[in-house]
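Both of the next two complexes hold chain A, though its partner changes from chain B to chain C.
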Partner chain A sequence: MRGSLAALAGGVMLAAAPVLGAQALTVPKTVDAGSSFSIESSGSGQATLYIVGLGGVVQREVQTGSPISIPEGTLFNAGHYIAYLSTAPNDVASFDMVPAKVADVSFLARPSRLPVGLRNGITGAVYLFDAYKNLVTKPIAVNFDISTPNTAPENRSVQTKNGSAWVALDSSPKEGAAHFVAKAGGVSVVRVIQQVPGDPCAIKMSAKPDGKSIALETEPVRDCSGNAIPDGTVVTFTQNYRGGQTTVDVPLKRGVAKVEMPAVPGANITVASGVVLGNEIHWGK
Partner chain B sequence: MLAITLAAATVAFVVIGTLWPVKAAEFYLGRQHLIRSNATPDAALQNLGDELKSAAWTRAYDSLANKTSFTETDFLHDLVGAYPNLRTYSKLQKFEFHPLHQTDSDAEFQVKLHWATVVGDAVTTRKVHLVHNGNGWQAEWPLTKEPTLPPQVIPVNYLRWDVIYRGAGDEWGTQDVDAPHVKIVDMHPVQRAEGMVIMGELLNEDVVPAYVSVTATVMNKNQKPIATEGSFDKISHLLLPKAITPFLIKFPEVKLSQVASVDMHPFSQLIPASADPVIEIQNEKLNPAPNASLTGQVVNQSGQIANIAHVLGTFYDQSGNLVWVADQYVDRALLPQTPVPFTIHIPEDLARKISSQRTVVSTYSMGGAA
Partner chain C sequence: MLKPVLVGIMALSASAAVVGAQVSVHVTPPNLDGPRNLADQTANAVVKNYIESWESLRAALAANRPELLDRDFVGAAKQKLTETIQQQAKAGIQTTYKDRSHDVQIVFYSPEGLSVELVDDVEYDVQVSSKGKTMAAQPVHSRYVVVMTPTEVRWRVRVLQAE
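Moving on to the complex of A and B:
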């Protein structure tokens, strides 16, 4: 496509080139993407100006000898461009269109959910773009801030390299939704990282008789940092007695697991959640 | 000429077959019993079996000696259940019986009913008493009355998880919800007569429910894959947070001696799920060989009817090492607070090694809730 555009531009240039005096173009060395700029031309007379780059081609009838104004938004794809007049196709001027200021921060935060107290468990990577989706490649400071309710916020500043920057942070010891903010060039983006309790720690249950049954209930189940284990987590009660066993998988409800089991004298009752074992109760004769 | 002769003969045979069909053909059309006489207890039972196989419930009910003790609906509910369950969509495939005792006036038979269900053969065993009356032998059906629920409202306030995934319109880089973190906590390959088997246990270590499955690829010494198989239904697919399921993967064409390494691939996906129903497993008992088994009862502690229950047993030796994984589908709906028995058969050669077990139940409720 680019080749055909260039060929088209060249063809048009040769066809339209009137014979005039020597003309030269003076272009700025760099131009911000999408901004207006001016090209100085020498000589006099009518000519066709071509600006050709990877991201676009501009063809314009111009009066040489006076500044040629390229309005804002005409060219916006970053890259190397060449400019020439149809009257002097060998007199090529070139310039670079560089990304404009940061207008968009693409922020990849991973994972969306992780246990508390995990070292370098949270990673954030940003890619900076200008308003025209050009990757902003010049080094820019990116501030990463993460804050969880009731804990001190953590922040880190990282310079971008080739348009990107990344950071790895520890998850907080407290559960909750962490607001993970990446800020660069006045633009900030927020992601929410759910920090969830770890494995249950020291599950403790108690038992009391309830007619022909035993009512078993755990204390509020917490992880080793004191966070309440979320409701719905499965707690397994197992009653072993001579020649038999009864098992119930109960989800936590309001932080505790409750169940009624048949009262079997001499039975041993254990409680567990996942691979974590709790206390054991011997139901006496 | 030959063609005309063959066509005429075909038409003639069709007409003869339609007007005077053989008894066997009538049976397969569901019109007649294959055996019509009830002169012996065997024949009476055979007739009953044929009627049940062809789902001729009314004829089967009418043939019973004790039909005045219960209604035809009770009889039907005993056979296929009052509430939708595994048997609702099954067919009686085989009706086996053998005599326990017999006199001139009565007889007792052990009857095995093999129901073809979507998950395989479901076997029911009954002792059927037969009596001789003036016209021949008649079976007395040992009715197990299916409990029915009185109309009521049972409040249920267990947790439910719903999931909102990222949408098509979300900008690039917008995070999605991660799949649940699951971990294989135990894995053990063994060689059995039917091929190699890999069994193990999978833990949902996350705080959200997971739909899980496990696949394994066995490799030879040159690290070339020999075969890949999945756990299929030998796993509890829905794992609530911190729940553990056993799994069993069969490699019928592979020998353990061929295998140098195994690649295990646990799969997990975040799904909407409910913590209800809670199933209690009561009176679990390891029965030694012969006919080694794990028996017990499953009790639905919630208000929702669980139409199909799948019981998975994990068996360990004295040191706590995994020895075997086996399962059974309960072919009755689990009504609230109503125990339903289950029996998981254990291979005889492994029964001696087993000293403890862990049982999990997964349930399916018709109407979509898991």
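Moving on to the complex of A and C:
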């Protein structure tokens, strides 16, 4: 930026452009996005003021020699701007518009559903924006908070770098909906993460004779954190006998799986769900 | 003009300087803040698409044609640049943003892989003209913060902001 730092007044840093011609401009060095500001001009007479940047263009008929007021909300996109008068186009001044305070937290939490007890299984990433969709790039503390009913909440504070921050957290040992909150600059955003039971930790079945059949029933199937595996999860019973095999898939109902299979003396019966293998029963001789 | 630069970028490994006819692009090795690994192929694509976005930006602002932004910009960046072009047209001016050099570094790859953030130390000349006549010009040296997101076939600029 051309010009030297001249003063710091009222939160606006002023830079004075050297007077090269009759109508030099003195612009603030930085301006908060969307706020009003004033441009000093020397000389006298009518001119057109141009403020030009990637974030916007202002064209205004002005009276030089008196302060030129740019009202609040005229320019609001952060970035670099140049300013000049039509009567002195070689006398170009420039300033930077900086983001205003945080007004929006763009928060992406993943995944929306995951098993309990997964280390660093939940990630959250935020970008901070002001009310004008400018990325707030100065470092700001973001508080990440995740809580599941009946478990202690987990908190983490992370400083943004270049407007972004992220965190990785463990899923809770208890199933349920976790409220994952990202808070920065007084703005909070909540995402809900469904934490579901993991794979069964162990499957144990028992067998009882029932006429010419065997009644097989599992104990309530739970994951390694003690959460009940959801009803509908398929449990597979397999009976091997004299070179033959019978397989029955049964969905869990009220946490247990039940089935009747033909009683074949000497048969080996196993139970499994997914990759988890339960106990084995040898029937008869 | 850009072709030698882009070819150079595609061949970049960790750090290199590539000088084209008019645009010099230096890529500093990524300094990632994030849990996700960034494959070289992804990094190269991000930088290549970002440098190409300046070409679109330059063409769109020089001709006051916002549709030229479509390939490379999306979301807030596209909306803001479109509005700027409309304001330029209303004021009867065009601007030329002639980038001379870029020093690009990827600084963040989001955990879910849906955004990449990079910073770019850019030197460019901005020139304002009206009816073919230059009204004002100034060399600019700024640090840009850029957020890019993947779309069907390329990374597009979602945030483009000078500090």
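Note that the second predicted complex is superposed on the first by the 258 of 285 C-alpha atoms of A that agree within 3 Å, B and C clash if a C-alpha of one lies under 4 Å from a C-alpha of the other, contacts with A are read in each partner's own complex, and residues count from 1 in each chain.
Here is the rule we use: a contact is a pair of C-beta atoms (placed from the backbone, for glycine too) under 8 Å apart; a residue touches a chain by one contact, two chains touch by 3 or more.
Remember, predicted model here, so these are calculated numbers, not experimental data.
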**OP:** Specify the outcome, clash or fit, for chain B and chain C once both structures are aligned onto chain A.
**Re:** fit
Original post:
Thinking of the overlay built on chain A, is A:K253 touched by chain B (first), by chain C (second), by both, or by neither?
Top reply: first
Original post:
Can A:I70 be said to touch chain B (first), chain C (second), both, or neither?
Top reply: neither
Original post:
Who does A:T123 touch here: chain B (first), chain C (second), both, or neither?
Top reply: second
Subject >> Touching partner for A:V275 - first (chain B), second (chain C), both, neither >> reply: first
Original post:
Now for A:R110: first (chain B), second (chain C), both, or neither, which partner does it touch?
Top reply: both
**OP:** Would you sort A:V142 into first (chain B), second (chain C), both or neither based on which partner it touches?
**Re:** neither
**OP:** Look at the superposition and give the distance in whole angstrom between the closest pair of CA atoms, one from chain B and one from chain C.
**Re:** 9
Subject >> chain B/chain C common contact set on chain A >> reply: 108, 110, 127
Subject >> chain A partner contacts - residues on chain B that touch it in the complex >> reply: 157-159, 161, 171-173, 175-178, 185, 203-209, 240-244, 275, 278-285, 296, 301, 357-361
Original post:
Which residues of chain A touch chain C in their complex?
Top reply: 2, 50, 52-59, 77-80, 82, 84, 86, 89-90, 92, 94, 96, 98-99, 108, 110, 120, 123-125, 127, 133-135, 137, 161-164, 166, 168
**OP:** Enumerate the contact residues on chain C facing chain A in the complex.
**Re:** 33-35, 57, 61, 76, 79-81, 83-84, 87-88, 90-91, 93, 95, 97, 107-108, 110-112, 114-115, 117, 119, 126, 128, 135-138, 140, 142, 145, 147, 159-163
Subject >> Complex contacts: residues of chain A adjacent to chain B >> reply: 106-113, 127, 191, 196-197, 199-200, 229-235, 238, 243-251, 253, 259, 261-262, 273-275
